[in-house]
Amino acid sequence: MQQTLFDQGLTLMLVGMGTVFVFLTILVAGMSLMATIVKRVTPAAVESAATDEEIAAITAAIVRHRNK
Amino acid sequence: MQQTLFDQGLTLMLVGMGTVFVFLTILVAGMSLMATIVKRVTPAAVESAATDEEIAAITAAIVRHRNK
Amino acid sequence: MQQTLFDQGLTLMLVGMGTVFVFLTILVAGMSLMATIVKRVTPAAVESAATDEEIAAITAAIVRHRNK
Amino acid sequence: MEMIEQIWTGSGLYQITGGQLGMLVVCLTLLYLGIVKKFEPLLLVTIGFGGLLSNIPGAGIAEPGGLLFLAYEVGIKSGAFPLIIFMGVGALTDFGPLLANPRTLFLGAAAQFGIFATLLGALALTELGWMDFTLREAAAIGIIGGADGPTAIYVAGQLAPNLLGAIAVAAYSYMALVPLIQPPIMKALTTEKERRIEMVQLREVSAVERIMFPLMLLLLVGLLLPTAAPLLGMLAFGNLMRECGVVERLSNTTQNALINIVTIFLGLAVGSKLSADQFLVLDTLGILVLGMVAFGIGTASGLLMGKLMNRLSTSPINPLIGAAGVSAVPMAARVANKVGLEANPHNFLLMHAMGPNVAGVIGSAVAAGIMIMFAS
Amino acid sequence: MEMIEQIWTGSGLYQITGGQLGMLVVCLTLLYLGIVKKFEPLLLVTIGFGGLLSNIPGAGIAEPGGLLFLAYEVGIKSGAFPLIIFMGVGALTDFGPLLANPRTLFLGAAAQFGIFATLLGALALTELGWMDFTLREAAAIGIIGGADGPTAIYVAGQLAPNLLGAIAVAAYSYMALVPLIQPPIMKALTTEKERRIEMVQLREVSAVERIMFPLMLLLLVGLLLPTAAPLLGMLAFGNLMRECGVVERLSNTTQNALINIVTIFLGLAVGSKLSADQFLVLDTLGILVLGMVAFGIGTASGLLMGKLMNRLSTSPINPLIGAAGVSAVPMAARVANKVGLEANPHNFLLMHAMGPNVAGVIGSAVAAGIMIMFAS
Amino acid sequence: MEMIEQIWTGSGLYQITGGQLGMLVVCLTLLYLGIVKKFEPLLLVTIGFGGLLSNIPGAGIAEPGGLLFLAYEVGIKSGAFPLIIFMGVGALTDFGPLLANPRTLFLGAAAQFGIFATLLGALALTELGWMDFTLREAAAIGIIGGADGPTAIYVAGQLAPNLLGAIAVAAYSYMALVPLIQPPIMKALTTEKERRIEMVQLREVSAVERIMFPLMLLLLVGLLLPTAAPLLGMLAFGNLMRECGVVERLSNTTQNALINIVTIFLGLAVGSKLSADQFLVLDTLGILVLGMVAFGIGTASGLLMGKLMNRLSTSPINPLIGAAGVSAVPMAARVANKVGLEANPHNFLLMHAMGPNVAGVIGSAVAAGIMIMFAS
C-alpha cells in the first residue's frame, strides 16, 4: 500500500528523534566512561593557567596603574 | 640491448648525484662571486635595527617600569 | 554607411565622457541629498575617537620621550 | 544616438522587473536587520549584499561566468563552504561545559523535535493543498528548527537548492530573534520556582578529555550515521586542532582568516540564490512561518525535557537551560542566563546552558544526517 | 651518456629562445623597479617574478597543468581576482573626504578624459597604419589612463587578454611614476596664485552617511550602468563591511589576509602573460607610449576642471587637487599636497585631494563599464 | 521498521570492512604520534584526521563529490598545494647561514645520496621479486630520503599517486624521528676529536646578497634543470618576498594565513589517500623500511662529506653539520648542535648546521627535478 507523504514524514519523525536520542545517549555513555577512565589513569588533571597569587599580583598592578 | 630496471636505476643514481653536485657547485661559485662583487660595490653593509644607545634606553625604561 | 574605427572611437569618447559625468553628477546629487536628510534626521553626529585632553596627554608624553 | 539608446536599453532602469525591485527591497531589509538591528550581521550583511548584486539586471554577477555564480558552484553546490565553516565553529567551540555535564546532551536531543515537527508541518500544509513541498524540501525546511546556519545551508544545498535563499534567510533571522521568541515560551512552560533553581558548579575538565572528545564524536558518527559524518567530522577536526595544543597556528588561522574568508563568500553565494522567481513565492512565506514554529517547538521540547530531567535527577537542573538546546550559539545560552537571573539574581546559568547549547549543534547535525539519508 | 644528453636537451640553456632571454631581462627590470625604486612593489615584484617563472623554457609553469596557468584561468579569466582586490580596496578606502565635499567627484570625472583620449590615440595609430589595434584592444589600453591596477587588469582580461601583460605592467609602472609625471604638468597649467589657494577644512562625516554611501553607489550603478556593477559592486561591498561597524572581523580579514593572498596570485598570474610573443612586439611600445600620454592627459583635464570649478565656486578650490582625479591612490593625492606646500607652506591639500583621488577610482570603473558595454 | 533497517544497512558498523578498521587504527596511531609524541604535528594531525574521515564507510568524503576528494584534485593532483607550501617555506627560511658559508652546499649535496640509494634499493627489491615497484614508484619512494615533506608530496603526486599516502606518512614520520635515527650514526662515523671541532663565527650577510640569492637560484635552475623550476622557483619567490623588504604584508600573509590554510587542506587531502587497498599492502612496509634506510644513508653520506671537507679545508669544519644536509629543517640542525655540545660544551654548531640544512632543501628539489625528468 502506498504511504502518503504525511505518513512518510511521521515515520521519519519517529525514526529521526529516535536516532538523535540513541546517538546522543551513546555519546553520553562514552563521555562518562571516558571521564571515569581518565580520572583513574591520570592522577590529577593539572590545568591552572595562572595561580591565585599571580592573578592577585596582576590585579593589584592594574589597580595601581589606574589610580596613578 | 634492453637495460634492466636496476641498471636504469644505477645510471639514474650516477647522473642524479652528478647533477646535484654540478648544480650546487655552480651555485657555490655564483654565491662566492656575488659576495665578492657585493663587497667591492657596497662600501659597508649597514643593517643595524637599533643602535646600542636605543637598546640601552629601552632596557632601562623596562627595568624602571618593573621596579615601580 | 560604414563608420571608420576612428569615428567609432570618437563617438565612444563623447558617449563615455558624457556617461561618466552624468553618473557622477547623479551621485553628487544623491550624496548632497543624503547629507541634508541625515543632518535633519540625526540631531548630532557624534564620532570623537579621542578627547582633546587625551590627545594632549599623549602628545606631551611623546614630546617628553623625544627630548630625553 | 544609437549608443545612447544602447546605454538606455542596457541600463538597469530599463531592464528591471518588478520581481527584481521587490528583491532589492528584501535585501535592503536584510542589510537593515544586520547593520541596525545587529541580527547575525556576519551573515545577513553578506547575504543581503550578495542578494543586491544578484538582482542587478544585466550585470550577470549571479549567472554563469559571474563571480557569485562561481562562488555558489565551487563552495555551496560542493558543500565545501558550510563544511569549512563547521570546521571553524569546531575550532571556536569550547566543549568543556558539555564534558563536565554530559547529561545535558539530552536537552540538545529533545530540542531537535522542532526540526521534525516542522518537517511534518510542511508535509501537512502540502496534504492540505496550501503549499507544495516535496519530502526533500520539507526536510530542508525542517532543519531551520536546528538554529544552525551552516547545517541549514549544507542540507538545503544537498536537498533543495531552490529553497536555499529562503531557508538561509529564515535560519539566520530566527537565530537573531531568539531573545524575542524564547522568553515568553520559557516563562509559560516553567514555574517561578523552577526558574530559581541554582545548579552545582561545573567540574574542571582535563585536557585529555578535551582531546578525546572530538575523536569519540567522529568515531561514533562514523560507525552509526555516516551521512552526518561530513558535518560532524569537520566540527570534530576543528575542535581537535583547538584542543590538541600542538597545531596552534592552524587553529588560529581556522578561527580567523579562514572562517572569515569563507563566511564572506558563503554569504555572497547564498545571496546569489535570492532571485525573485525563487524567493518571492508563496513557499517563502510558508518557510518563514514554519521556521518560526520550528523555533518555538524546539524551545518548548527542550524546556519540557529540562523539567523531566530535573524531576528524575538527584542534582538539581534548571529547566531553562533546556531552551538553549536549539543551539543558536551562544545567543540561546545567554537568554537562558538572563531569564534565570530575572527569577533569582544569584542564578548564573550561562556555563550550564553552554552544554545543551553546543549539544544542540551536534543534535542538529545528527538530524541533518537522518534527513540526507532518507530524503535524498 | 644518453641521459646526460637528455639533461642537456632538457636544459634551459639548450631550449631558451632569444625572446625568452629578452623577457627575463624585462622581468628583472620590473623586479629592479619594484625592489630598488619601490615602484608599486606589491604588484611589480609579484608580476616580475611570475614573468621569470613563465619564461623558463621547458618548465611549463605558465602552460596547461602549471600553477600559474591555473591561477590565470581561475582568477583572471573569470575576473575573480581583480574583483576581490576591488573588494579589498573598498575595505581599505575612506570615502569620508569625498562625502565631506561631493563636488570633488567632478574632478574625478574630468580626469577620465585621459582614458578616452588614449582610446582615440590607439585608434588613430591604427588608422595611420603604425599599429594594429582593434576597438576592444584600444579600449583596454585606454583604461591604463584610469591609473587603477585592478580595473585595468579586469578590463584587459575581458577585452584583450593578449595585451594583459603589457597593460598591467604599463598601468603599475606609470602609477609609480606619478611623482615624476605629474608635477611639471601641474606647474605648467596652474598659476603660482592658484597653487597657493588654501581650502576650507572638511566637515565631519557621520557614520550614517558612510554606511549609506556604498549602498547608494551600488544602486546607482545597478540602475544606470550594470556593466560596471561587478567592479563598483565589490568596491561598495568592501566599503560597507568597513563602515557598517558590525562585521569588523570580516573587514579586517579582507584588508589583510584575503587581499594579500589574492595579490600574490594575481601578480603571478599576470606575470604568466609576459611571454615574448605577446610582450616583445611593437604593440607593447605603443601601449607604453599611449599609457604615458593617457596619464598626462588625465592629469591635465583634472587640473583644468579644477581651475573651472575654482572660478565657478564660492568656496575656494585649489586646482592642484584636480590632478589627483586620475586615482593612483594615494600617490596622486600626496603629489598634489607636495606641490601645494611648495607654493604655500601652510597649504595642506592632502585630505582635500583624497576626495578626487577616490572619485577617480569610481570614475575609472564607470569608464570601464562603458568600454565593456560597447567594445565587447 | 524498513527505515530502521535502512539506518542499520547504512551505518558504518554494518558497512565497515576489515581494511577500513585497520586504517582507522593506523590513523589513530598517526594522531597519537602527532599529538602525544609531537612528531611533525602540523602534518601528522591533519593527515591522520583526513585518513579517519576518508575511512568512514558510506560517508564518501574522499570519493567524487566529497570535500577531501575535491581538495586532492584541486590541490595535489595539480601540484598547487606543495608548491604553495614551498613558497611559504621560502618566506620562512633564512638563507643567511648558507650565504655566509656557501661551501656547506656540498654537504647538502652529499646527503642526497640517500635519495638515489633508496631508489636503487627499491629497484633491487623488485629485481629480487620481493616487491613490485616501477621506476616511477621507486623514484617517488627515494625522495623520502630528502626529508622534505612538500617535495616528497609533490613528486609522489606527479609520479606515483597510488603511493602518496604511504610516502607522505613515511616522510613526515622519519623527519620527526631524526633525533633518534641520526645520533648513533653520527657517533659511529665521527671521532670524539672531530665532534669537538669549533667553527669560525659566520660573517654578516648584506641585504643585497640576500635579495640576489633567490634570483640567482631561480636563474640557475631555469637554465640548468627546468623540471626542478616549479619547486625551487616558488621557494625562491617566497624568499624574495621575505628579503626584498618592500612587500612585507605579502610576506607576512605567506608565512601565516596562507601556509596555514594550505597546510590544513594539504594534510586532509593526503589523508584521503590513506585507503586500505593502497596503504595496507606489502608495498607500504617496503616504503617504510626503504625510507628509514634512506635517512640513514643520507645522514652517513653527509657526515662523510663533512669529514672530507674538514681535511681539505683550511678553516675547520665539524663533520657533524654534514648530517644536517638531509634537511628536516630545523630538526637536523638542532640534532647536530646537541651532539656537538655533548662532545664540547663550548661548541655551538646550530647556525653552522643551518647552512647544510637549507642546502638540503635545495639539493632534494634538484634531485626531484632529475627524478621527474627521467622517471616520467
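We call the chains A, B, C, D, E and F, going by the order they appear; numbering starts again at 1 in every chain.
One rule holds in what follows: contacts are C-beta pairs under 8 Å (C-beta built on N, C-alpha and C of every residue); 3 or more make two chains touch, one makes a residue touch a chain.
Remember, it's a predicted structure, so these values are computed and weren't measured experimentally.
Chains making contact with chain A as well as with chain F: D. Steps from chain C to chain F, taking the shortest chain of touch contacts, total 2.
For the copy pair chain A and chain B, the superposing rotation over Cα atoms measures out at 115 degrees to the nearest 5. Looking at C-D and B-F side by side, the one with more C-beta contacts is B-F. Centre-to-centre spacing of chain C and chain E amounts to 19 Å, using the average Cα coordinate of each chain. Look at where the CA atoms of chain A average out and do the same for chain C: the two points lie 51 Å apart. Here the spacing of chain B and chain E, counted between their Cα centres, is 37 Å. Those residues of chain D in touch with two or more other chains are numbered 3, 7, 221, 224-225, 256-257, 370, 374.
Shared contact sites, meaning residues of chain A that touch two or more other chains, fall at 12, 15, 19. This structure has the following touching chain pairs: A-D, A-F, B-E, B-F, C-D, C-E, D-E, D-F, E-F. Those residues of chain D lying in contact with chain A across their complex are 98-99, 102-103, 105-106, 108-109, 112-113, 115-117, 119-120, 122-124, 126-127, 135, 138-139, 204-209, 212-213, 216-217, 220-221, 224-225, 359, 362-363, 366-367, 370-371, 374-375. Touching chain F in their complex are the following residues of chain B: 4-6, 8-10, 12-13, 15-17, 19-28, 30-32, 34-35, 38, 42, 45, 47. Chain D contributes residues 3, 6-7, 10-13, 15-16, 24, 28, 31, 34-35, 38, 41-42, 45-46, 49, 52-53, 56-59, 61, 65-67, 70, 256-257, 260-261, 263-264, 268 to its touches with chain E in the complex. Across the complex, chain E meets chain D through its residues 78-80, 83, 211, 215, 218-219, 221-227, 229-230, 233-234, 236-237, 240-241, 244-247, 249-250, 252-254, 256-258, 370, 373-374. On the chain B side of its complex with chain E, the touching residues are 11-12, 15, 19.
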